[in-house]
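Shared between the two complexes below is chain A, which has chain B as its partner in the first and chain C in the second.
Right after this comes the complex of A and B.
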């Protein structure tokens, strides 16, 4: 009798535990659902729509995917030298702009971190380029770099350089884009790096000082290893932003001269909204998405390895 | 008795006439609105002129059609075609009238977005005195596609040569005439690079125009090509520009940059206009519609009216150069306000509308009678003469962009390849061959 009662109690307890865990799960999912729904609508749907279009003929009369054409759009894109040229231009831009911005950002953060007069004002001023609209930044820099009337050439000529044809020479045009992009985005890195430097444990630096470490060895052997996770994370965040860049190019050089600054996203934009080749541009967007995901995966793995090493 | 019955008969007759006329009167009032119940039409236009048309032209239209409420929405040029396409394919489009750039008519017509303006539905509302034959052939052809008239010219534009008389005089050169050849132009160009204030530095150059990577830059090369007797496409619609004439014409376009201000490879519409208006360049090849703001309007130019000359582009091996760029008005095929929409388009493209549009907004007319008449403003006289000349040239040499639903894609290919050749990243011959291959597969 007693056994039966305790078995029944046990079962009821189990049922209660199961119900509680189910209720807990339900509560968690109910909190998650709005986010999942919003993400599905705003992120997943456009991606799947782009993928669908990339495998179809674009039907202008319905403005959507028409007849299924398999890999035809991808073959067309892969056979288009302009796509590869624009990828090459993007890689050149990324290979120069990213390390430059990361190095400059952290270097400036080190300087700002030290106690000096006017540090607060400088920090505040650094935010300005980030809030300037890309079109305004592009237009403003077009004026600064104007070969005839620009401030930059005036300054360079005073030290015997130039005049330089910033938007007429293919190499200088790429340099101009990197300068503008670096001007816009270095402050973002400075902000992250400053916060990271402030968060570093002071006792380790005090210990290094007691051990007789100089400025250089403190930077190289103490600060940098501690900053590696932040540097790698900043690199990945900035990489994801930089790979999408096209607004500054559109405002400053229109991708020229020739094809010197025609980054892949500008090319995709033009193919879609100027040439109305939505299917082909969707295929390009999917290829760039896959490439970006693969490279981001490699960077994340590399950053984890670096973190483990330091 | 006789008098009464006569009155009764008269009253009955008058009553029946009024009653029989009522349905027509009611119908007419509905189509063009009536007091307290106006008809609304919405127009999508380039933001460059939408606002001035809304403020200057709509009040003039409303003097004749007070019960048609017109709203003109401006859209940036770069987004205009995709937005028009999206609206045109909508089951219930927002816009009744679309203001369409020259090469877009085939694209909008091919998705069934436009109404045939010579078709039965529209003809029922066409005024008997609306003279189709009065339009110059070249601008009217911009609104045509596969034998149907989908749009009419409302803001005509042509690529023309602007010149600064003061800079020509300072260089000791004769004023250009429409007979000026490309060879003469290049000979004179060297002398037009000059130091005008005697400070030892060059401050004026010979020419500025489109050199930047832009879809309109190939129109300059195309104007040179067609002035030299070359053609963009052959009779079968296949690329015909990748020949000696094409390559030579592209080299001529590249040579223009040698006589342009530093940084000219980054110059397009705005930069060349700015350089000309500031008196830095002696000539400019650009759209004629900028004439008023370049020569007359003191708010936008440093030049005086008597300083600025206008004519067609120099003469090549075959003829003088120009290029058509017409803004057309088309009516949405699904509009609910056909009568009001067509009333506005008819008014705007009539001789009266053209004259008002030219005087108030500086838009150029397309009608022969308007161009032959004495304009209200004195500055329009040389412009009208040049326009008439350029329309004839455009007709003879078929000087317009590719007419196809895929014309934008083809134009972008040309923009890429012309830009490569101008920047020296490819030879003129290679660039044109690449463009020809790509365009042939695009237009298939």
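Right after this comes the complex of A and C.
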């Protein structure tokens, strides 16, 4: 009798322990649960829905995915030269803007890191362009670059250049987009780079100086290898932002002239919400999604390799 | 002779180089600020002063454009909408996201790292891939043109952002803090709310402000998911900038642009120290 009581007591204790550990597990997961819940509804579900529509015929009456049509939307989109054009435009923008912004960002960071009483203020000033809404930046620069009344052409003409038709010439329009984007995003890189440059160990540079290393060789063989991790990280962050390019183009050129600055996001937006071709635009969105993921993976891999080499 | 002179010369040239560097830095920062200055200046001009060659720098300032646009119901309503949406999505994502960040930083859960990486990966999802299905679903459920729809849509990029910033922040805190609290009988939630949150308040606040700025500026989802009642300021600016039929309305563009930018700049400068730190951390540890 006594034995059974203690056994029962032991069992209940075991049960209690088990319940407690279950409760503990529940509490642990409850920290993550709200995020999982919200992102499942707002992020995961839409992605799957996009994939579903991209394989279906769009049913206008029910305003949703209709009959399954397999790869036909994809075939149509891949055969559409306008989609390729927009991808090409995006690629040109990325290939010029990203290296430009990162080089410029680190160069400016070096300049404003000079020690003097106004250093903190100068650095804080760089926050201001960074928080200007991209759509405002696009509109504002559209005014500055206006061929007729704009300040830029006035300034350029006073030194004998122009007048330049910023939004009429395809190449100049692309240049305008890159200028605006660079103005908006370089400050972001400047702020990261100033912190990174200040974190560099000073004694290494002193040692390099004592060893008689010149400016360039110090930069090339001492500073750069130390900066590689932060440069690659900045590149990846900036890349993730730049592939979403939409607001500035919409406000400044709306893809024009012709399709010269029609980045892929704007093209998909137009196809979906102006032409109401939801199935085709979903297929394009999925292609862009896959491309972005693959390239991001490659960049992350490459940056790790690059870090190992230095 | 030269051997004595050269160090002095070098130091002098170094000092000159230093001055040139400071001057160049100041000039570059002024160049970056100039477009904003020009926008604010233009917003205070009368139409006669806007369209001039050469551009005018000195004129009689007027706030006529502001008065006109604030009277227009749609700008003030958009302003209120933008505030509601920015505050709502900011607060929701700071609560949800910082809990997740804490879970990834401190609470040992099997599978949490994978989940975290998956959420991080979502930063690569182009918003247009979400905008299309969100529009269709919202339409079907009768949720278009509502604040809550926009708030939830903004969570898709704000929660991952908050989660990763706060994760790196929580990792930098000493582990003993909540361990001792939990030994003293605090529950896990007690330790989080009573110890971790108060200590992280500056970090949480600056992340909140930065999240609200991101929501404040968002265009694509606002364009797609709202049309009249819940529409935001960026949509108005896109409309004004894109309205080329009536000719460029620079007065409106710059006035509404200034209204959009000024509060954000004030907030950003208030938390600039934390903002810069957050950026640096986000780049190195994110």
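Points worth noting:
As a working rule, the second predicted complex is superposed on the first by the 277 of 310 C-alpha atoms of A that agree within 3 Å, B and C clash if a C-alpha of one lies under 4 Å from a C-alpha of the other, contacts with A are read in each partner's own complex, and residues count from 1 in each chain.
By our rule, contacts are C-beta pairs under 8 Å (C-beta built on N, C-alpha and C of every residue); 3 or more make two chains touch, one makes a residue touch a chain.
Nothing here was measured: the structure is a model prediction, and the numbers come from that model.
When both complexes are overlaid on chain A, the residue A:165 reaches chain B alone and has no touch with chain C.
Legend: residue contacts after superposition of the two complexes on their common chain; A:91 is shown touching neither chain B nor chain C. When the two complexes are overlaid on their common chain A, residue A:192 makes contact with chain C while staying clear of chain B. Shared-chain residue A:140: touches chain C; no touch with chain B. When the two complexes are overlaid on their common chain A, residue A:82 makes contact with chain B while staying clear of chain C. When both complexes are overlaid on chain A, the residue A:254 reaches chain B and chain C alike. Within the superposed three-chain arrangement, the count of touched residues of chain A is higher for C, of the candidates chain B and chain C. Applying the stated contact rule after C-alpha superposition, one finds that A:47 touches chain C and leaves chain B untouched.
Contact with chain B, but none with chain C, is seen for A:60 once the two complexes are overlaid on the shared chain.
Within the superposed three-chain model, A:273 lies in touch with chain B and with chain C [touch as defined at top]. Note: residues 63, 142, 146, 254, 273 of chain A belong to the chain B contact set and to the chain C contact set alike, using the contact criterion stated above.
By the touch criterion stated above, chain A contacts chain B in their complex at residues 60-63, 80-82, 142, 146-148, 163, 165-168, 170, 173, 253-260, 262, 270-271, 273-277.
Here chain A touches chain C in the complex through residues 24, 27-29, 31-32, 34-36, 38-39, 41-43, 45-47, 49-50, 53, 63-64, 108, 110-112, 114, 116, 118, 122-144, 146, 149, 151, 154, 183, 186-188, 191-192, 194-196, 229-230, 233-234, 237, 240, 243-244, 246-247, 250-252, 254, 265, 268-269, 272-273, 278, 281-282, 285-286, 288-289, 292-293, 296, going by the rule given at the top.
Contact residues of chain C toward chain A in the complex are 18, 21-22, 24-26, 28-29, 32-33, 35-36, 38-39, 42, 50-55, 92, 95-97, 99-100, 102-104, 107-109, 112, 115, 119, 121-137, 139-140, 152-153, 155-156, 159-160, 163, 187-189, 192, 213, 216-217, 219-220, 223-224, 234, 237-238, 240-242, 248, 250, 253-254, 257, 260-261, 264-265, 268-269, 272, 275-277, 279-280, 282-284, 286. By the touch criterion stated above, chain B contacts chain A in their complex at residues 78-79, 81-82, 85-86, 89, 107, 110-112, 212-215, 261-266, 268, 405-406, 408-409, 411-413, 416, 419-420, 422-426, 434, 438.
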